[in-house]
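Two complexes, one shared chain (chain A), two partners (chain B, chain C).
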Partner chain A sequence: MTSTLHREQLENAAFRAGYGALLVFMLLPLLVVVVTSFSASGRIAFPPDSYSLVWYADFFESTRWLDAFTNSLIIGVGTALLATLLGVLGAFGQELETDSVVGSVVAPVVLIPLLIPPVILGITLLMYFNEVGLRGSYASIILAHTLWATPLVYFVMRSVFSRFDWQQLDAAHDLGAGPVRSFVHVVLPNVKHGIFVGGLLAFIISLQEFVMALFLSTPGTETIPVLAWTEIRQALDPMVSVVSTFLILISVGAIIVAAIATNLEWVSKQLS
Partner chain B sequence: MSEITLHELEKQYGETTAVEDVSVEIEDGELLCLLGPSGSGKSTTLRMIAGLETPTGGEISIDGDDVTDDPAYERTTSTVFQDWALFPHKTVRENVEFGLKMRGVPADEREQRAESMLERVQMTGYGEDDPTNLSGGQKQRVALARSLAVNPDVLLLDEPLSNLDKRLREDMQIELREIHEDLDETFVHVTHDQDEAFTLADRIGIMDQGELVQIGDPDEVYENPTNQFIESFLGDTNFVDARVTRTTGDAVYVDTELGTELVLPTDAEPAVDEGTALTLSLRPEILSIDQPSADGGTAADDTGEQLATDGSSRTAVTGTVENVIYRGSTVRYSADVDGTSMFAERTDASTGALSAGDRIRLEWNGADVLAFREDGTRVSL
Partner chain C sequence: MSETTSLPQIPTSLASLRESFAGQSSSTRALLLMAPLIAFELLVFVIPFLILLRISFAEPSSDLIYEPGSWSVEAYAAVVDNILAFELLWSVVSYSFLLGVAVTAVTVVLALFYAYAIWRATGLVKTLLLFSVVLPLLTTLVIRTYAFTPLLSPSGTVNDILLSTGLLSESVQFVPSMAGAVIGQVYIVLPYAVLAIYSVLATMDWHVVEAARDLGASRPRSVAEVVVPQAMPGIIVAAVISFAWSVGAYAAPGLLSENITFALHVEELLLGDLRYPTAAALSVIMLLLMLVSVSIMFAVLNRFGGDFDLA
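Up next is the complex of A and B:
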């Protein structure tokens, strides 16, 4: 009895150690990036010969980087809003129309953009947006990123809605709430955490997307990954590490915000 | 305060028909129970009255207005759902106020009304509670208060008591009955529990396979079922296969698997031919239990039938007790009668207690026996 328990503990510990080692190995480059961003010299070396914040100072003085940062935020927020709207309504509509033909084709149609290589999507969209006169606008990149982010929001919402008690919607209708008011008063409060997480996911997708943005952006709408690519081609200096560090911080920050948002109510319930 | 008319109501889901040709007039202030097994279409019928399902045929009118195409949120009905469907992110009071809020009732008036509704269902003081923390019975009360708060013309109850334990269910049945008497509103209550239907209903509508097979007062439905399904659904009974041997002006003679010929007295010339296969229903409450007069007494003494002058006929069979089951207030005896299993009940176990292996004599009045044809229809006797 005790020996089996002992063995189980050993196996557990070994598994955890292996898992942890693999995780550390995969995440180590992130640490390298962050450390090299504090380098004092003009080239990337790990570990750096000496440490300073000169590259951070450079970053905040470079209008090009700051503009790219602003562009990425605008496009990220735009994508998050549009993809969330489409993904939530698509998933909601499908729940209402489970038996219809329309309902059965929603999932495959939404999924298509994820299956097309971004290079092909990028070229195709470039030609398309030229044609309709959207070239060089934020809208073109937002639309491209929305193509990718919507399926993710959609699948997050499908799983959120699958846990929703649909009888509540019946009850709301029954008590006199029309389609819009029952959605606002009864459905939304139940799934708002899911919507928030879906939106954050869309934002992060947009923030790191490179290939389509490379095709579609102009100097005025250049995003961080695109500018980083351009810069790296000229010189591999620690500025790239600084920018990467900011991207990592934003992503980690977003995850923390999402975790807090989804658990806050639960936490407050536990405390009261 | 409303009457409801269902006219040839029909609901199909693709190829399957959930509800077929249901026509009924539900009177103002009536408490109608729709009773049937699961899948009989009773909940679908209720949901169509609520407007939560759209009929594929037929019409629904409430108070003379055709509401067939009106969505649920424009109807004057209110539903108590089986799982109560309380809004988990709202407090108990907000739940009860919801319908009033949707109708644009001012906040202070809403609160007053919600308070009085909670009082009515004995949930005073729970207004600020989270409904997910309540017990099943409490949720059920809140759901009832929420539906009553909007002062509906028709209250629809979709098996709201089926998730409660027996004791609580029986208490709630009585409370529902009282609330119905207080409000004098039309109630339609769906249930699969015949005890619940008999406790609550002014009238019972029996549904089977999407059709309303019989509707009437509880005693009428119980004593005069129109088909074999209803007879079997409304409580336990002994079904005995039989075949008509001859008919006379005042009786039908049948051969049974009990090994004896039985007489079914009739008032008029019965509509059955010689040789017709019948199923007889012998309810336990028409069977009286005895020990045979003498051990192995002659068949003529203890079994067989006599047609009495008043048209009633006493019939008796003897068998062997197979087992005895104590069911609280009653004792159920299962007996083997010439290879056929029958059961009968006694309320008092002490007098002449029988045990397994004893001989048993079952006697009944032939006029109390119901007979059904092979297609389930009742033979009027």
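Up next is the complex of A and C:
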């Protein structure tokens, strides 16, 4: 009896140590980023020898980084709007007609881009945008990011719509409301949190996507991750950490906002 | 119909459009709602891939990126010859797959463990563990990757700690090396894998595991024979995602190792050498190889899950 108890305690301790180590593994790189952004020297070392805010001052004086920041925001908002529009309409259409042939083809086609390595997507779209003359535009990167963001919005909305009580829509129809009016007054108020979270996810996907943007961007449309990558390959200085810290803060802010709109566990389930 | 009636037609046509929309059967309306999504997938996904396929069959050209309108299998022949002769492309392709397999194996084991820990945790610990998964997910992979450089380099934090505690007598070069690339890539795909498995575990009944324990199964055995088979759909998704993204990995091997992966090589072909047909042919071949490997993985894991069907 005592030996089984002893064994259970040992197992418990090993289990806790295991997931504790993984917790450290998950958060340590992000901690490194934030801490090194306050470094005083030009070299990234963890922990830094001395601390200062000089790299933050540099950031706000660097037009290149600020331009990249603007580009990232433009592309992120564009992606969020387009992906939300496509995803919400598509999921709603699917919900109206669950057993159509088109619907059963649409779902896998929407999902496939997520499973193709971004490098291959980047190459494919680069060749395509060369052919149709969209190379170097914001639109090219927005369309590429929408390819990745739409499946997320689409599947979030499918799960949101699946919980909606569709008899309410029938009731609105019976009372004489047209399809547009009944959608705006009956469906929308019930699913607006889902739409918001979907749009937020699309924005974050775009903000952090890097490989496709690397292939498609030109100096004028360079996003933050692309500029960070080119900088890292040349010299590893704390400026990248400063920028990364801002990106992490935006993500944390987004999680908090999303958590208020719904709750964290639900969001994480939708992400998978 | 005279020309004078054409002006006021605009508002009526709008109204009639709305009326006709309202009058549509629900399946036509569903199609209309899905139309933008279908058009988007056609224009930005299906057609671009057809063009990639077309370019892969074009003749290479010295002054243009490829010879328009030409048909040739030259690019495929060159790629296949190079692979079969164990030259550069063989090492590029085999290293990419080796990285994919190594990362997938490590990731699935860690993800299953972590997802299980999240599933069993309650309250604040659960929130913290979930947060630790979601936060890296929302951070760009450039950041996730470069943070390992100050940690793992020969003069980095990990080496410092190991040296000062006496566990090592001289520093180990974790980066650049294959180990570095694997660690970096595992970090990139682990959050997705954890969430894929967790989302399945979350729907599972803990009482089934308890019952197995009551019947005398040890903890590891109850996990292996009850939890793993039930979590198999999540494990399959996790494995497919890890594998697909790691074979095509770009940032982690580019920054943390000196080996050339498929992604790095194809970038060189495309942006450096401007050899479009070769880059396209290599991409098509990689996609096919990945499709075959994923199908095999699917079949194997499905069989493993099927043997212990307790549901």
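Going forward, the second predicted complex is superposed on the first by the 240 of 272 C-alpha atoms of A that agree within 3 Å, B and C clash if a C-alpha of one lies under 4 Å from a C-alpha of the other, contacts with A are read in each partner's own complex, and residues count from 1 in each chain.
In this section, a residue touches a chain if its C-beta (ideal position, glycine included) is under 8 Å from a C-beta of that chain, and two chains touch if they have at least 3 such contacts.
On a predicted model such as this, the values are computed, not experimentally measured, just so you know.
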| item | value |
| --- | --- |
| Superposed partners chain B and chain C on chain A - clash or fit | fit |
| Which of chain B and chain C A:Thr84 touches, first, second, both or neither | neither |
| Touching partner for A:Asp165 - first (chain B), second (chain C), both, neither | first |
| Partner chain(s) touched by A:Val186 [first = chain B, second = chain C, both, neither] | first |
| First, second, both or neither for A:Thr221, with chain B first and chain C second | neither |
| Most chain A residues touched (candidates chain B, chain C) | C |
| Which superposed partner A:Ser37 touches (first chain B, second chain C, both, neither) | neither |
| Which of chain B and chain C A:Asp174 touches, first, second, both or neither | first |
| Contacts of A:Ser206 with chain B and chain C, given as first, second, both or neither | neither |
| Chain B versus chain C as contact partner of A:Asn71, first or second or both or neither | neither |
| Smallest separation in angstrom, by C-alpha atoms, between chain B and chain C in the superposition | 6 |
| Overlap of chain C and chain B interfaces on chain A (superposed complexes) | 178 |
| Touch list for chain C against partner chain A, complex | 18, 21-22, 26-27, 29-34, 36-38, 40-41, 44-49, 51-52, 55, 110, 113-114, 117, 126-144, 146-151, 156-157, 187, 190-192, 195-196, 198-199, 202, 219, 234, 237, 240-241, 244-245, 247-251, 255, 262-263, 266-267, 270-271, 276, 279-280, 283, 286-287, 290 |
| Contact footprint of chain B on chain A as seen in their complex | 99, 165, 167-168, 170-178, 181-182, 185-186, 189-190 |
| Touching residues (chain side chain B, partner chain A) in the complex | 13-14, 50-52, 71-73, 77-79, 81, 83, 85-90, 98-99, 102-103, 146-147, 150 |
| Chain C-facing residues of chain A, complex | 8, 11, 15, 18-19, 22-23, 25-30, 32-33, 36, 44-47, 85-87, 89-90, 92-94, 96-97, 100, 102-103, 106, 109-110, 112-113, 115-120, 123-128, 131, 143-144, 146-147, 150, 154, 178-180, 204, 207-211, 215, 224-225, 228-229, 232-233, 236, 240, 244, 247-248, 251-252, 254-255, 264-265, 267-269, 271-272 |
